[in-house]
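Here the chain labels run A, B and C in written order, and each chain numbers its own residues starting at 1.
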Amino acid sequence: FSVRQTESAYRYRDIVVKKQDGFTHILLSTKSSENNTLNPEVMKEIQGAMATAASDDSKLVLLSAVGSVFCCGLDFLSFIRRLTDDRKKESVRMSDSLRTFVNTFIQFKKPVVAAVNGPALGLGAAILPLCDIVWANEKAWFQTPLTYGQTPDACSSFTFPRIMGVASANELLLSGRKLTAQEACSKGLVSQVLWPGTFTQEVLRIKELVAVDAAVLQESKALVRDTSRGALEQANERECEALKRVWGSSQGTDSILQYLQRRTELY
Amino acid sequence: FSVRQTESAYRYRDIVVKKQDGFTHILLSTKSSENNTLNPEVMKEIQGAMATAASDDSKLVLLSAVGSVFCCGLDFLSFIRRLTDDRKKESVRMSDSLRTFVNTFIQFKKPVVAAVNGPALGLGAAILPLCDIVWANEKAWFQTPLTYGQTPDACSSFTFPRIMGVASANELLLSGRKLTAQEACSKGLVSQVLWPGTFTQEVLRIKELVAVDAAVLQESKALVRDTSRGALEQANERECEALKRVWGSSQGTDSILQYLQRRTELY
Amino acid sequence: FSVRQTESAYRYRDIVVKKQDGFTHILLSTKSSENNTLNPEVMKEIQGAMATAASDDSKLVLLSAVGSVFCCGLDFLSFIRRLTDDRKKESVRMSDSLRTFVNTFIQFKKPVVAAVNGPALGLGAAILPLCDIVWANEKAWFQTPLTYGQTPDACSSFTFPRIMGVASANELLLSGRKLTAQEACSKGLVSQVLWPGTFTQEVLRIKELVAVDAAVLQESKALVRDTSRGALEQANERECEALKRVWGSSQGTDSILQYLQRRTELY
């Protein structure tokens, strides 16, 4: 890892964490999974980095990824292997990991800016409304492919309808409709679209935000978020219970297998 | 009626119901009223068809209409005749019918896809946010002409502000602003605009949704809807009470007469 | 002031009030502050005019401004002078004034139409979602420059996320992003954009709304607003407490000074 005067970068197994002047930059760069997909181990690394950022002098967290993909959701490839070994145990383990991971975002007190560099699928898209500002590369796209037998996660059953209305939310949640960055922006999932050629520089505008007084940032986030925290925690709980039931059933396992097969055909 | 291998079509007086492979298609095609307007009898037929779809093997309901009009709201033509006979009795009868009709949508557990083939006015537009996915023919347009002395119905006082913000909602609810299908889509009332030439074929994409596991569909709808069901039922109750007061007053009757006269001038 | 048959205009110190046929037109035109900024005295004049409109035969209130600016938020210029004299006393006085001013909008029972003729900054933009219909001149623009160390006001921490989603709301509330009238409209903050050349005439369309029965207008507003009034009052309370803390601190005073300096550079 490299250490400069005002920043330090640590390479974990599945993420890179750069402590910069006034903020922490967490980049997905998974080695234990493909396409920045999330398994319990990756989630734990992110939670660890966020816990550090919560208590150090970071004013906010910037979340992005190394490479051309942002995050392709849950790591179904390793999950399916474990699920076929012990369906009950593994569906509990995964839903517990997911609950804790999502609660980390719900309860995080400093602003989180997501810089979506590429495709955001499933959990990778669903988690965005729990971030505070969402910038997307114009090349990014968004999909929650629940048509393949998954119920919603990361409170998307609660946040998506409130952001874009129930009908548009269900196009994503039920029909698995794919949104371009521009579409996601016009629906409110993304707050600004940045051009591919200047994406990295434009993300540096985060420094304007870092110039704001830390207490004002945190107080503003609290004013925006505190009244819905309880409802989000309950939504997370209900969604994780539903997923545990789905994953614990043979149809659930079948639908994941089907999804993985279809995905393979697409690539 | 025609019966094929995987589908059967029943012609009721005011609707056509096609039981298809995995879903129920309900089409407005009123004979007891003009322009697919809704009177207590039409509403009862729809409720009956939805009750059947709720308990049979339908995974979802597709709601549309025969002809070039989707639904022009309440059947004020027959209503005004009855209202002038016995204002008190008839305003109670109509608000009771409306309350039950709207609650049928609020409480329906399977996804409802609305395919809005043409103009959706008043209750015909107001009911759309209680459906789960809303596709509209590019030729369709939307208006809740409450300027003519009607207070909101079908929970639109609750759903419209949450979908498009209070200011845009009030342009519809207070000012009776007319929206094109594209405008309704950009405001979130409609989730996709389909081209007139291919509308009927595109609606068949519903079969992709029908391919999803029934339990996952129902569970996903429950996650999206369950937390707001109580608030919707209360909004429905308040709106029906307000309409009963409006309809029970001489100004209310006058405003309906005025509306019918203006409408006649428009056609 | 001039008195015609159906209208009368009163010039107060900081506002002009025109009682017209069926509605009251309140125009900001401040003499005690620059750019229609709001200090406790200006706010009291508006409250007085609204109290009169609440109890007379006005069916609604039209809110706009004389000149090319709508409202540039709080009058920080006079505020900073008083704040440096007695920080504690003055931060209490200002937050109390703000709380009462915002509650006047939250609790107003007749529809308020805002006709935003020019730039709406800070409180001038934040108050708009507490109006019922918002028309904007195509030349108007919108900014809540909280980056300069201010936490949100006028319930914008509650209303902005509900109108445009959390991510877009935070671009305004945290990053101080500037929106054009068209952008504000596509995000739902503004319900219609009017052309500069015909702005004044188009605003007269308010007469269509004035033609609606007064009871129906008030009942419709009640249906839309009553369920969120309590939450808005609480949001107002929380925001005013936060601002009192900010203003009562030396960093808060510094950030206002910085803001005023930057603003001077911009003009």
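What we mean here is this: a residue touches a chain if its C-beta (ideal position, glycine included) is under 8 Å from a C-beta of that chain, and two chains touch if they have at least 3 such contacts.
A quick note: this is a predicted structure, and the numbers were derived from the prediction, not measured.
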| item | value |
| --- | --- |
| Same or different residue numbers at the subunit B/subunit C copy interface, by half rule | different |
| Subunit A onto subunit B, rotation angle from CA fit, given as a multiple of 5 degrees | 120 |
| Subunit B-subunit C separation of Cα centroids, rounded to whole Å | 36 |
| Multi-partner residues of subunit C (at least 2 other chains) | 162, 164, 186 |
| Subunit A contact footprint on subunit C (complex, rising order) | 146-147, 149-152, 157-158, 160-162, 164-171, 173-175, 177, 186-187, 231, 234-235, 238-239, 242, 245-246, 251, 255 |
| Residues of subunit B touching subunit A in the complex | 111, 128-129, 131-134, 159, 162-164, 186, 188-192, 208-209, 211-213, 215-217, 219-221, 223-227 |
